[in-house]
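Both of the next two complexes hold subunit A, though its partner changes from subunit B to subunit C.
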Partner chain A sequence: MWKNREQMPILETKHITKHFDGVYAVNKLSINFEAGKITGIIGPNGSGKSTLINTLTGMIPIDSGEMIVAGAERLQRVKAHEVASYGMTRTFQDVRLFEQMPVIDNILVVLTERSIWKALFEKHGALHLEKAEEVLKKVGLWDKRDELAKNLSYGQRKLLEIARVLAMIHCGVGDINIIFLDEPFAGLFPEMIKIVTGVMKELRDQGKAVILIEHNMDLIRELSDHIYVLDSGELLAEGKPGDVLARKDVIEAYLGE
Partner chain B sequence: MDIIPQLILNSIIAGAIYAMIALGFNLIYGTAKFFDLGYGALTAVGGYAVFYFYKTLGLDLYVSILLGVLIVGVIGFIVYKLVYSPLRKRKSSGMVLLVAALGVLTALQAIIAILFTSQFQTLSQNSSSEQVFNILGGAITQTQLVTLIIGFVIMIVIGLVFRYTLFGKAVKAIGDDEEVSKIVGVNTENIIGWVFFIGSAIGGLAGILIGFDTGIEPTMGLSLLLKGVIACIIGGIGNVYGGVLGAFLLAFIENFGIWHISGEWKDAIAFAVLILFLLFRPHGILRK
Partner chain C sequence: MEYIIHISILISIYAILGLSLNLVVGFTGLLSVTQAAFYGIGAYVTAILLTSTGMNFFLALIIGMAITGVCSLAIGFVLSKFKDDYYALGSFGFNVIIYSIFLNWQSLTRGPLGIPGIPRPSLFGFTFSENVWFLALSIVLLILVYFICRFITGSSFGRVLKSIREDEGAISAFGYRTLWYKLAIFVISAMMASIAGSLFASYITFIDPSSFVLSESIFILAIIILGGLANNKGAVIGAACLILLPEILRFVGFPDDIAAQMRQVVYGVILVALMLYRPQGLIGEYRL
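Let's look at the complex of A and B:
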């Protein structure tokens, strides 16, 4: 099936299924995500987009099916603490930060040395601060570095989550290659949207697989190289955004609702 | 001798002990998010470990204390790995963990009683000849002075570790949102293991110091733990500094409360304070 490494998807799902009380949130879903591409996932509310990401990042267990990371690692289940070591990270639809910690600490903690012994005695070094400064400046939160995360505005909180992803890529465990963004644009001002789209394009150009869940069709069209349309936990359509978004069944299921 | 300086001094000494207990408890509670009753028994484990090394084996005092602290830390870590960690992985409720911790408390106390009998023991060699210092008109023994100094050193060290190290940030992050900590690659299992080691070691050290000041018995842990917990609740549970603040406040209220009445009222006063706080300021003085 795969011809060479270049075209091999970095993450595949095979018949992933998850149901809650008899309702299939995700039903035998087999889709691929490729490196160096932005893959959009769209679908009406309750179509299983977030559930899919939650299963793939170990937040909830998979009922059946498996995921294949980098064509090699076949996983029936993934645990939340292993997600980063498989090269994956994510943001959350309902932004999840370390609320009681200052903005800069939210970033520094991601840069924590994996060796506890070192971390125990090591003050965050100049290198860590430099990285933290770099990612916070990128999202425009450097001036807010000493504020508690809970005191940020909604949009700033979303940006901090993006900065945390960037920090993981810079200095986290292993290489982060797969980045799930769950509605990163919701509630953002236009200039903030520009920052996030910039970051996403940069990640794509660095060869990362960026997976975008989004309701804003203009942004999906602008950013996605490939999209999947989910409906009731099943795959309704896939392909180039221009083609897929013109399909009648897609419009009926989603856009025309 | 004037009574007020002595009351103040007693309060500070008791406060330092409570603060250590509260510090260890808060560390564990703030990170692992359950009520670790077993932590109480670890104070006794510390006392008895030193009793064994120092009195039975006749090792050097400082070597004995060091070994005692390390052993308590290791036992705390082992208990976490064997009991709490598997339960937490299964996402057991706080009630299940509480019952498990009660089991740990009872088991540890029983093991100590089997090995050392339930008799009250003291760690100091010759308490009658102990040096007594006069500070600001109050009397303080050498042991108490050492307790005070160690207590403050530990508070400062823990404060610094939390403020400035990456480990401290990771611990805070886990307390804040453990699931997200995992997702962003913080090695939560390892760090919680270390928190149990450090927290237990602090509790053990408190037990050792009490052993030198007054004495040890297998069941000493529970009442100490309760004092530590009261300190945490009135100071602000899960807040490391709150626990220390609450400890000194509690110690002052206890000691000044019995100014004109008998010492047996201490516990009654402590729990009355607890109830007042639970009723009128359940978050404690410092909110987390």
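Let's look at the complex of A and C:
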């Protein structure tokens, strides 16, 4: 079957499986993510959403299955430090910041050179600072730039993770076009939610594939072009949010928890 | 006056050791207690080269750094397999191993007899035999090491080290091969400790394995914990405090032998008290 390059998924997973001591957290999952779209992943707690992202981004080793990046690169095993070069970046559900570092350094560290030598003899300090200012202003944390990350409020911490993702897009590693957001709205105040939805729409309009794990169905409806529903590590349903969220089995999976 | 010069030389040497270990422990978060081994390799290489070949001190110092660099690369690679407490234990093991090599490779190190008669450095016909000149040399090297540390920790590379300390998994997910960073700083740090070893060997003019035991590594760790982790000035201040303290005890009337033993007790007490009341040390920027 001949596919137009525009319609080709930017990331496909084939039979991805990951188990923890007999529990199949992700079981033979084959799903696609498309560029310029926001793809929602929903499912009850423990259904394997975070585990899926963790395997795709090399944070935990995969048992079996493979992923195909941009229709070309087939990967069985991906190491954490390589995922950026395949164009992927992410946030963490359990916010992982560089706690005892200033906010600005949390951003600068992902902007600067990856090679040791170039990092020692940094040539683009001013440029990186400019980019850091831009992304921190976007999430409203520029005023907090000299605070240690650990002193931020919970919502600010989540926003800093979003800013770090934006910084990754500016860094020289890979062409970041696949962005995983693991429950980015959890615990945010309404005005912060507005910032994050704004960023997500912007990323989508820039042609990035944005993958959103979220429990708030209003946000899922508002943002997603396509959703996947996971249950016990397996795919329960997929499709347009309006259709899928009306399905009986989907509602039951959620009510059942 | 001689006495003050002597103490100042010791402070310079230990400040170099503190600065070097701070790169690994304070900035990168790798709890290494094997610094005395690298200090010892530097001292032994210098002592052996100076006494057996009559080589110039500064050349011996550089060869010592190179040999220490190679050893630390191998050790750092093995240690990179460990995390947290196991890392500390593994590094502990390497200090013991290197110490026993100093003790047992007698054809090279003369084992427990030690190596006497190590000459003082000389450069362009000038010999640093007077302590005051040796102090000047020590301070020049200390300043050099200090500025290299400041350069490294202030660079983008230094920022990556700190992020490894904070969350190695997260920073690797952003495209960093953290292994290379950890190895690089471990080797740089060991080579700096080797400089301190060369100075020590040539200053005392005699070395034996007892100067490079595990408790010496813990003493160096105490220096940076007292002065403040992840702070270069803190390492220097910590060295000054911990070297001066037993001297002050002696000054206020403790007998010499008791003052010497008190050094051990005092830094033990300081460590425990700091962990309880001020885990970031005097001017530290990071808590273990």
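Brief remarks follow.
We take it that the second predicted complex is superposed on the first by the 248 of 257 C-alpha atoms of A that agree within 3 Å, B and C clash if a C-alpha of one lies under 4 Å from a C-alpha of the other, contacts with A are read in each partner's own complex, and residues count from 1 in each chain.
Just so it is clear, contacts are C-beta pairs under 8 Å (C-beta built on N, C-alpha and C of every residue); 3 or more make two chains touch, one makes a residue touch a chain.
Note that the structure is predicted; figures quoted are calculated from it, not measured.
Superposition model on subunit A: subunit B and subunit C are shown in a clashing arrangement. By the document's definition of touching, neither partner reaches A:11: not subunit B, not subunit C. In the superposition on chain A, contact of A:84 is made with both subunit B and subunit C. In the overlay built on the shared chain, the residue A:59 is in contact with subunit B and with subunit C. Shared-chain residue A:100: touches subunit B and subunit C both.
When the two complexes are overlaid on their common chain A, residue A:168 makes contact with subunit B and with subunit C alike. In the superposed pair of complexes, A:25 makes contact with neither subunit B nor subunit C. Within the superposed three-chain model, A:110 lies in touch with subunit B and with subunit C [touch as defined at top]. 57-59, 79-81, 83-85, 89-90, 92, 96-101, 105-106, 108-110, 112-114, 116, 119-122, 128, 164, 168, 173 are the residues of subunit A that lie in the contact sets of both subunit B and subunit C, per the superposition on chain A. Taken together, the subunit C residues at the contact with subunit A in this complex read 152, 155-157, 159-160, 162-163, 165-167, 169-178, 180-181, 184, 285-287. Within the complex, the subunit A residues that touch subunit C are 57-59, 79-85, 89-90, 92, 96-101, 105-106, 108-110, 112-114, 116, 118-122, 125, 128, 164, 168, 171, 173-174. Interface residues of subunit A facing subunit B in the complex, by the touch rule stated above, are 57-59, 79-81, 83-85, 89-90, 92, 96-101, 105-106, 108-114, 116, 119-124, 128, 164, 168, 172-173. For subunit B in complex with subunit A, the residues that touch the partner chain are 161, 164-167, 169-170, 172-173, 175-177, 179-191, 194, 288.
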